[in-house]
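By letter and in written order, the chains are A, B, C and D; residue numbering begins at 1 in each of them.
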Amino acid sequence: MKKLHGIVVPMVTPLTLNAEIDYKATEKLVEHLISGGVHGIFVLGTTGEAQSLSAAQRESFVEFVGKQINGRARYIVGVSDTSIADSVKLAAVAKAAGAEGVVATPPYYFGPSQSDMVNWFTALADASPLPVYMYNMPSHVKVNIDPSTVVQLASHPNIKGLKDSSHNMTYFQTLCYLTRDEEDFVLFVGPEEQTAQAVLLGGAGGVNGGANMFPELYVKSYDAAVAGDLETVKKCQKAILHISTAIYTISGGPSSYLQGLKGALELLGLCNRTLALPYTAMPEEKMGALKEALAGISPQEWN
Amino acid sequence: MKKLHGIVVPMVTPLTLNAEIDYKATEKLVEHLISGGVHGIFVLGTTGEAQSLSAAQRESFVEFVGKQINGRARYIVGVSDTSIADSVKLAAVAKAAGAEGVVATPPYYFGPSQSDMVNWFTALADASPLPVYMYNMPSHVKVNIDPSTVVQLASHPNIKGLKDSSHNMTYFQTLCYLTRDEEDFVLFVGPEEQTAQAVLLGGAGGVNGGANMFPELYVKSYDAAVAGDLETVKKCQKAILHISTAIYTISGGPSSYLQGLKGALELLGLCNRTLALPYTAMPEEKMGALKEALAGISPQEWN
Amino acid sequence: MKKLHGIVVPMVTPLTLNAEIDYKATEKLVEHLISGGVHGIFVLGTTGEAQSLSAAQRESFVEFVGKQINGRARYIVGVSDTSIADSVKLAAVAKAAGAEGVVATPPYYFGPSQSDMVNWFTALADASPLPVYMYNMPSHVKVNIDPSTVVQLASHPNIKGLKDSSHNMTYFQTLCYLTRDEEDFVLFVGPEEQTAQAVLLGGAGGVNGGANMFPELYVKSYDAAVAGDLETVKKCQKAILHISTAIYTISGGPSSYLQGLKGALELLGLCNRTLALPYTAMPEEKMGALKEALAGISPQEWN
Amino acid sequence: MKKLHGIVVPMVTPLTLNAEIDYKATEKLVEHLISGGVHGIFVLGTTGEAQSLSAAQRESFVEFVGKQINGRARYIVGVSDTSIADSVKLAAVAKAAGAEGVVATPPYYFGPSQSDMVNWFTALADASPLPVYMYNMPSHVKVNIDPSTVVQLASHPNIKGLKDSSHNMTYFQTLCYLTRDEEDFVLFVGPEEQTAQAVLLGGAGGVNGGANMFPELYVKSYDAAVAGDLETVKKCQKAILHISTAIYTISGGPSSYLQGLKGALELLGLCNRTLALPYTAMPEEKMGALKEALAGISPQEWN
């Protein structure tokens, strides 16, 4: 099987008004993503609000999405937890559901040292029934997985890559350089604003939340970057920045990105805009501004 | 029942060499604490390595300790989690095990706003079968529960207090002042170096890790502060600082406190020094220095 | 001469409406402080907006205040800078103006390591014509002067103490313990909310901004703490917290403390509320709320 | 005159062994940079250790370098300070010395709000005799100049651009998008690891410290990016990452970059490796490792 690459969309978790998982909307969203051409679907990431869901909800969701995808896209599951036993438990569910890999941050309560992170990922990769992708997310986890730590872990046979959401392109480029000889190790960037640049200089792809709304755009930008077609990259990049500056900044505050994204998905008819407790949906009084912002975005921008 | 007060020891979780819960050592440690006169026992806090334990381990431990205490000390259980449903689930176990209250941080992965924290603690207190004590721990949770947020939550009938581990005494004094008319709301300080000062000016007590080793010292310091006996406070304070500067700083790094504390408990014959994955025990080559430091601490200092 | 102790007020720098130094108001403020019984006057600290003033303004101000004090209170000058040569230059001006010591943070642009801070304070103390007090201010300087660094520097013959504005009482207590045998080394705490607690357990005094408004209150609280008179300490502490919660929080934002303090000084007829560029005075529309808050504070609270 | 673009090297400040400015080495370094084809020379930035120099040293250095350049490269001067009057004073010196623009961070002691930063740059641009380039440097200044703040300031007739050293490529791309219609506003990126990516998608150039050593490499990479020649970009990028991972990481700690850079310049015969107080030069015992690292870097990599 080809190494993981391309647009692996961090799927939102559709919720009903009373914050139960909305399976009907989940079905619809998975179909939207597959028909939009995404290379993979990644559930239970930060965008998927994994940490707000109960352990039981996470397991059910992983099983449901696996059935729905049914082999039509690559399937990756987030198992980030502060307990390694519970991470491995969810990895087993993921495997049974047809996933090909799991994604995990370092533990995010008690701050680990760099050598604690080596222990963590080694133990997880040793025990996990699926290959592990590391997830660098310093804004949420408080610690950065240092380049030397990544290098040390990249040669583990069951560690296959890293997704970087640090927004730090120096870091990402440094990882690309330092792991250039690890054949089986791939590097993804989280922020959609950086995916084209990352791919132009060697990144494997992007885990881009905006692809929940407009999967074709992000796929097109990726394909153009792979082909070295700078004109198309620039056209797509402008649209991608239009989306991020118009949609993710409306409500302000720490949930602004997620409120904007789920609010837009509601307007697009894909799922409710509810966020899991304690976070709140885009407030009603701002939905007008969001509607207007969304109306200003058109596939003609990138086609 | 009298409001919670005094030394509520954040009990370590004794582990076997292969990181299973060590119930025999747990029994011994609980007896050590009760005979040392602590006012309460708090399990599954930061010192208790709660987040590193699996959900199943947490439940068993809560049940076991409740049976062991058997009403001889006040019993509080940490239920900090990023999922409110899983917090409430553990609170129910705590109640069945004889606990009188639960302690919870805000969710510690996705950063909550102040109003998200109001939502969080309100929902938790509404659903919890036991009274809730808030836990302010910005170094691990990334956010501070602002004084105005605390004031807003202090009047909730099922929220009974707050434990502050920010080390920020301005914050603590501000809370004391702003909640001075909330009859049923108590304020505890985490760091043992500050407990006497907090109690001298109105704090309810301390949640002091060092009390795992020398419970009488911290109880004596608390009693002296309540009585306004400054001479005794000063004598105890010197011993408390001797302990914290000698024991908690040996290994350096983020686990230094916990490595020193559990290492000392091993030397005192109370439990193994093992830490849960991915954290590591005080390394063998530093046990000599720890032994020497511990030998320099004697109850004669405070008696 | 007795070691520095008591309330050393971090004097604001009175400014005219167009942000020149207001020498007439400076005269009035110095007299207000001296008649209020403060033990010392400290100019060009954070509260004195030193960094916003030009090098030329700093020199003139130091000279003027020295003449005005004229030996009636102890006089300390802030010389914090990122260039050691310019710090020493200002220290010479301070000496000529009758100051007895200088206060300095570590350099605050390029982040120093702990050993860089040893170099910094050693070089400064070697070259300074006046004794040096170190200033720990991690919120503004980005780095904390670690206890082991303080211990290393405390024995320098020209380093006489440290002022801690970290708000971290664990840190302060640790310094008290570790430097307990340094006869000539004194520890001050910045935040006024903590001064009484610090002094009760061994601190030398407080550098409290609120003393610009009500010097007698802070002096009374200090005297009571020295005497171990807990009743008076508690009464004063309540008034101190009334002031800090009512006056310093009105405008919000990073300048809220300074806007409130200077706004109140304007209402008390002591000086204009102007802040130096780029910071802005308490806005006109909030002066009503400030007036009301100030009216609620009365010396009867603490007398 | 064409807008500022290309490789504007943040020149180190050569120092003698006793930390005086080394004018002879300065002459040599300026010639090295000009013959290496850099588009501009920027003195008194972070790499230039501006904050460690006295005000008098800064003025002399600005004058000397202006004479040495003598119109053969574009000349920019850092005037970052916490006092706006002193910034403007240095800007006047810069103009007299032949500089075409000045660069300034927000004030870096007392943390400014976003509107304080608007005040700051507006006042500076109003008073400065030379056009102003803003400098976003959150690791040293503690605050980020938010995109909306940049947009607000970009239309000021005397503000001509921004240099971003945040390492955050999402931020940089967002600025590119939001200021795309400001004809006279240019965006530079600080970190050399990101310059090619920034230029490929619209950035004006890079302020790259490595160009002190190997100016041709960075110029070649810039030219290739402007031309859309991805093959050459990739070849140069590999060499740029070779340099940054080999040279800047040897000593560790906050000065590691500067110690490596100045150490390499000493080995290249361009200037002494001395750093200004309180920072220390690459220690002698690590010069062997640096020499070896430098020997592994050869112009054949990029030619």
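Heads up, the rule we're going with is that a contact is a pair of C-beta atoms (placed from the backbone, for glycine too) under 8 Å apart; a residue touches a chain by one contact, two chains touch by 3 or more.
From a predicted model like this one, the values you see are computed outputs, not experimental measurements.
Comparing A-B with the candidates C-D, A-D or B-C, the pair whose contacts agree for more than half of the residue-numbered pairs is C-D. Of all residue numbers that take part in the contact between chain C and chain D, over half occur on both sides, making this a same-residue interface. Compared with chain D, the chain whose C-alpha mean position is the greatest distance off is B.
Spacing of chain B relative to chain C, judged by their CA centroids, is 34 angstrom. Separating the CA-averaged centres of chain B and chain D is a span of 48 Å. Shown for chain C are the residues in touch with two or more other chains, of which there are none. The full set of touching chain pairs reads A-B, A-D, B-C, C-D.
Put simply, chain B touches chain A in their complex at residues 46, 49, 51-57, 80, 82-86, 89, 106-113, 115-117, 119-120, 123, 139-142, 253-255, 277-280.
Against chain A, the residues of chain D that register as touching in their complex are 147, 167-171, 173-174, 176-178, 191, 193-194, 196-198, 200-202, 228, 230, 233-234, 237-238, 241-242, 244-245.
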